[in-house]
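Following this line, the structures themselves.
Paired with chain B in one complex and with chain C in the other, chain A is shared by the two complexes that follow.
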Partner chain A sequence: MDLSVLVQLLLNGVVIGVIYALVAMGLSLIFGVLEIVNFAHGEFYMLGAMLAYFLSAGMGLGYWPTVLMVTALAASLGYVLYEALLVSLRGESFERSILLTLGLSMVLQNGAVFLFTTTPRMMLTGLTYRNVTVGDVRVSVLRLFALGLGLTAFAALYLILYRTRVGKAMRGVAQNREAALMVGIDPRAVSRLAVAIGIGLSGLAGAALAPVYAVHPLMGFSFVFKAFAIIIIGGLGHISGAAIAAVALGILESLVGGVLPLVMVDALAFIAMIAILLFRPQGLFGRGVRV
Partner chain B sequence: MTRGGSLRTASVALGAGTLLAVPTWTGNEYVLALGVSFATFSVLASGLNLVYGYTGLLSFAQVGFFGIGAYTAVLLVLERGWSLWTGAAAGGVLAAAVGLVIGYSSLRLSRHAFAIVSLSFALLCMIVARDWVSLTRGSMGIPGLPTPTMNLPGGIHWRIAKPADFYYLLLGFACAAQAMIYVVVTSRLGRAMRAVKLNEALAQSQGINPLAYKLLALALSALLAGAVGGLFVFYLTIVDPSIFDFYYTETMLIMVIMGGPGSFWGVLLSTAVLTALPDALRFTTDLRMVLYGGVLIAVMLVFPGGLGGWLQRRRLARWRRPRSLPS
Partner chain C sequence: MLKMRLILAAATLAALALHAFARADDKPIIIGSSIPLTGGVAAFGQHSRWGAELALAEANAAGGVLGRKLEIDFQDNRCNPAEAVKSVTQMLATKKYVAILDGLCSSVVLAIMPLIERAGVPLVVANASATSIAEKSGVGGNKWTFKVNPTDGSMLDALIGWLHKDGKANNIAFLGEDTDFGRAGSTGLENALGKRKLKLATVDFYQKGTADFTAVFTKIKAKKPAQLALYAVDADFQNAIRQWYGLGGGVPLTGRVLVDQVPKEIMESGFLDGTTSVQPYDPSVDTAANKAFVETFKKLHNVPPILISFESYETTKVLIDAIRRAGSADPAAIRDALVTTKLPSMLGTTIEFDDHNLAHNNAIILTIKGGKVVIVGLSKT
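For the complex of A and B:
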């Protein structure tokens, strides 16, 4: 095996892993704060990518304004989603949250199929064919941008959670809702913010990946199930665990897919998840059993 | 017999009579196709109702059992020369065995873990059917399934070729399956399952082993889903990985949620309505799924008990109403 091919696969794996991480961290944040498993999370990734396509191909916006606008719109959509649907679920059962968000996912996904058909679209920008070459390794600029955006979002999320008051409040609600209420934290405001950040990250992931892969209405559907597997492997509600598991999965998929042809690459995440649930139910990085 | 009871008996008899007579009134293939679809979905939805509505386990695995039954029956009939009957039965048994393995391994944790594992199981089934090309012929599937035949008692050789034949075959199986589920849910077993759903610790203190009842519900629903998959696939005349499509899961979930989890007749009624209505409105599949999603959100927000829960509440309200005593 050629070393440069290996480096290439590794790099692709890191990029896809960082995008997995953006989606999985949002899912994990929402689960941690609201105890809701958001089945519609992948659809916001899809909406982010579709929106990026229409802003850039339809309205001729550049790469950076598109990414910023999509992220901002996705975060505001998160606010609306929380106030319109999720607020009534507070303290409700796990099953009900799954069914409600599953309904939302069906509406968004099939609505998008109805409006735009399932034809994949390529988002072409001025940067599409630009590459960076180091030795024998060649990487497209857009993949590097996606990587950079992902790492920036990691850093921003870390700073919000660990360096701001509102982040502290969010972690407080995630640890103990009643106790947080007792010390004067408004769970509703905190939950709303968590949903907005989670959906915003998902939209950002869609916008970052839209110019790299084809955009179509069914792209969010398979993605969200992988994200479930990732947050279970990393430990439910454990955000950095989800990020590590996501990057590891991205690298593993890229290496296995590149080295051994015809292996069920898509099955890796689920098999790993089932193994984790059987032998270490709290996840790789979790402490207590919280599944 | 109470007034409600005789009304129910009459409407069930009327419904069954109408369903039996349909092919004699009309040879219209479209109507018969709706009937086949109703019969198939009624088995899937009632099985899910047994697992989710009565026992309280949210399961996404039902479609996996359905597809496992379909693939098993097809492979046994085509490659081993088994009859339709034994092939479908083997599909059901294999599905039930797989169900027991998944249930036993994930229910040790919690019902939440079960929901997630059942979802991944269904997705894994689809990936395996797509990628295990030497067995399943991959995403092209196995097309052109032969016309099945069945030896009936009395030496009649039944060739199941016309839509009306499939209609009777699946309707007959659905009736048998519904009768079986009805017997289970109205017996001691059904009461124990409800107890497990409502309060597991309390049920345990009454000497009920929750795991045993959960596994029983899961295995029975898997057996029926696998067998109906084995029969239905010969009507489709092709088996490919889309037999594991998430569409089936979403549809049967909506049927159970709208009919009311834990309500036998409510789920049957909503299955009939949801089979007929979108077709009558000439909706495309995308619009139908948008409609189903909207219904799911609305039911979750407005009436969490579904149709059955609403009827139950109305009945309770009627009992509680003060009545003037007969003088």
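For the complex of A and C:
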């Protein structure tokens, strides 16, 4: 294989991997703190992209204000979602959480189809058709922005979790909710914040990718299943594990897709997930203690 | 007195019977249609519906057929064969539909063909393009299925013939969705090239709904094909075309490229110059009937018709013509009338079915020159 082709495939893989990580980290955070598998997570990514499209095309907002506004609105939505729906759920009502989030996913997806139709839309910015070219290797500027946003989000989340009191509280609630309560941590406030950050990350992913991929109500569906596989591979509730697994999967998919038939690529995440479940059920980075 | 009462009762009964008879005769003729109204290709389903409704509105405005109004009952199949089997089974069970129109997706049509055959109700296909639909219809096969739009095989044969005469049919890479539509595209191209002792350079399929094509495009680009045949629709097409542009694909596209859906910026950049496409329709076809159709459609929906709307419009007209000539709303009589169809098409030919119940309308050969789509010819399929 030509070196430039290999570099192109690696670069494509890193970008896709970081995009996966943006969605998977939020999912992992919510599971880590609340022990809830959020089946509606992909729909928040879709709503983020839809909102970005309407803010940009309808209100003429630029790329960066759109990204900031969508992330803030998505985090607020997460805050409301927790108080309105998720507050009554605990780890022991796992089946209820699945039914609730699955139902929410259907309502959001079909609501978006009803309101916006399935016609694909594209968020156009002044950079939509701009590329960075080095030799034979090309990458669009907006993909590089998505890459930068993903890395920044990961760094910020890592700092919050491991360098702040709030992060310590989140990890405490994730490890033992009752013990956290006994030492004066409010599990409800911490859980609310975790959901707000998780949904905020989904919104950020949607806004970052709205100018990269076509925006339509069904776009979240395929992403969320891959994100589930990623958080299982990385270790349920392990944020860094999810991020590393996402980037590794992105690179693997790109390299395999560059050599083997593309239809085989989609199976990779699930083959890896099954292998992990068979040989290391706690995931690559899982140690039984989450977040 | 008794005699008087008997006469009155008889008169009342007669009046009621006459009224009931008159009401039965006034009942509309109902056509069933199973199309994707939700799901990934709902936008196409909407155009299919608009096309069929326009043909129906015109027929009803002219007094209907057999003195009765026509109606279409649209049901959603999400472009999913299982959903289509469910909705069509329910439609057929009610026995009120004189024919089933379309299905839109090839996989859907192939799934419902056995149902309509068992029920003895004609299925008139407008949009699904898989060659296997025609292969399984007519002589030695399903006598209830009629396909008005051309097959992929016949259209691609016309396109490859066109390219081959200029020596441009060599070294074509193929990328298509992993559905009956995409598979029919690759088979059609392989057959058309095979007739000219040529082969596809590479063949790749992707899962419908794939958002990222960068890996497969990097692979295809590295193989340096002369052209890329892209079989993608809707959001997949939008993602693919932008990513091909983003990676600087460097070669024109061919096959059934949706030239009318290429983003303006990419089209005007000249990046796709040299692209050739074969389509069953283009709104710029220069016939009086087509101009009138485009104008009416735009007035109604504020958007020009696409090939789906055209196909559904013309196919519905074929079905209405068959009902009229059948002289009855009996499905078997309508099927017999469909066999002898001779209806002028907006594309300048006469729609007639061959032994496989397949019509052979003109296909439009398009090319992109200087960032604009140009019709370079019509070719009989």
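As a convention for this text, the second predicted complex is superposed on the first by the 283 of 291 C-alpha atoms of A that agree within 3 Å, B and C clash if a C-alpha of one lies under 4 Å from a C-alpha of the other, contacts with A are read in each partner's own complex, and residues count from 1 in each chain.
Rule of thumb we're sticking to: a residue touches a chain if its C-beta (ideal position, glycine included) is under 8 Å from a C-beta of that chain, and two chains touch if they have at least 3 such contacts.
Worth saying up front: this structure is predicted, and the values here are computed from it rather than measured.
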Clash or fit (per the criteria above) of chain B with chain C on chain A: clash
Partner chain in contact with A:S140 - chain B first, chain C second, else both or neither: second
Partner chain in contact with A:L278 - chain B first, chain C second, else both or neither: first
Touching partner for A:D266 - first (chain B), second (chain C), both, neither: both
Chain B versus chain C as contact partner of A:S105, first or second or both or neither: first
Touched partner set for A:M182, first chain B, second chain C, both or neither: neither
Chain B versus chain C as contact partner of A:A214, first or second or both or neither: second
Partner chain in contact with A:F225 - chain B first, chain C second, else both or neither: first
Footprint overlap on chain A, where chain B in one structure and chain C in the other make contact: 110, 113, 221, 262, 266
Chain B to chain A touching residues, read off their complex: 52, 58, 105-106, 109-110, 112-113, 115-117, 119-121, 123-124, 127-128, 131, 246, 250, 253, 257, 284-287, 289-290, 292-297, 300-301, 304
In the complex with chain B, residue positions of chain A that touch it: 85, 88, 94-96, 98-100, 102-111, 113-114, 221, 225, 228-229, 232, 262, 264, 266-267, 270-271, 273-274, 277-278, 281, 289, 291
Residue ranges of chain C touching chain A (in the complex, touch as defined): 38-43, 46, 175, 178, 204-207, 209-216, 218-219, 222, 234-235, 238-239, 242, 245-248, 263, 265-266, 269
Touch list for chain A against partner chain C, complex: 1-2, 5, 8-9, 12-13, 15-16, 110, 113, 117-120, 122, 124, 128-129, 131, 133, 138-140, 143, 213-214, 216, 218-219, 221-223, 253-259, 261-263, 265-266
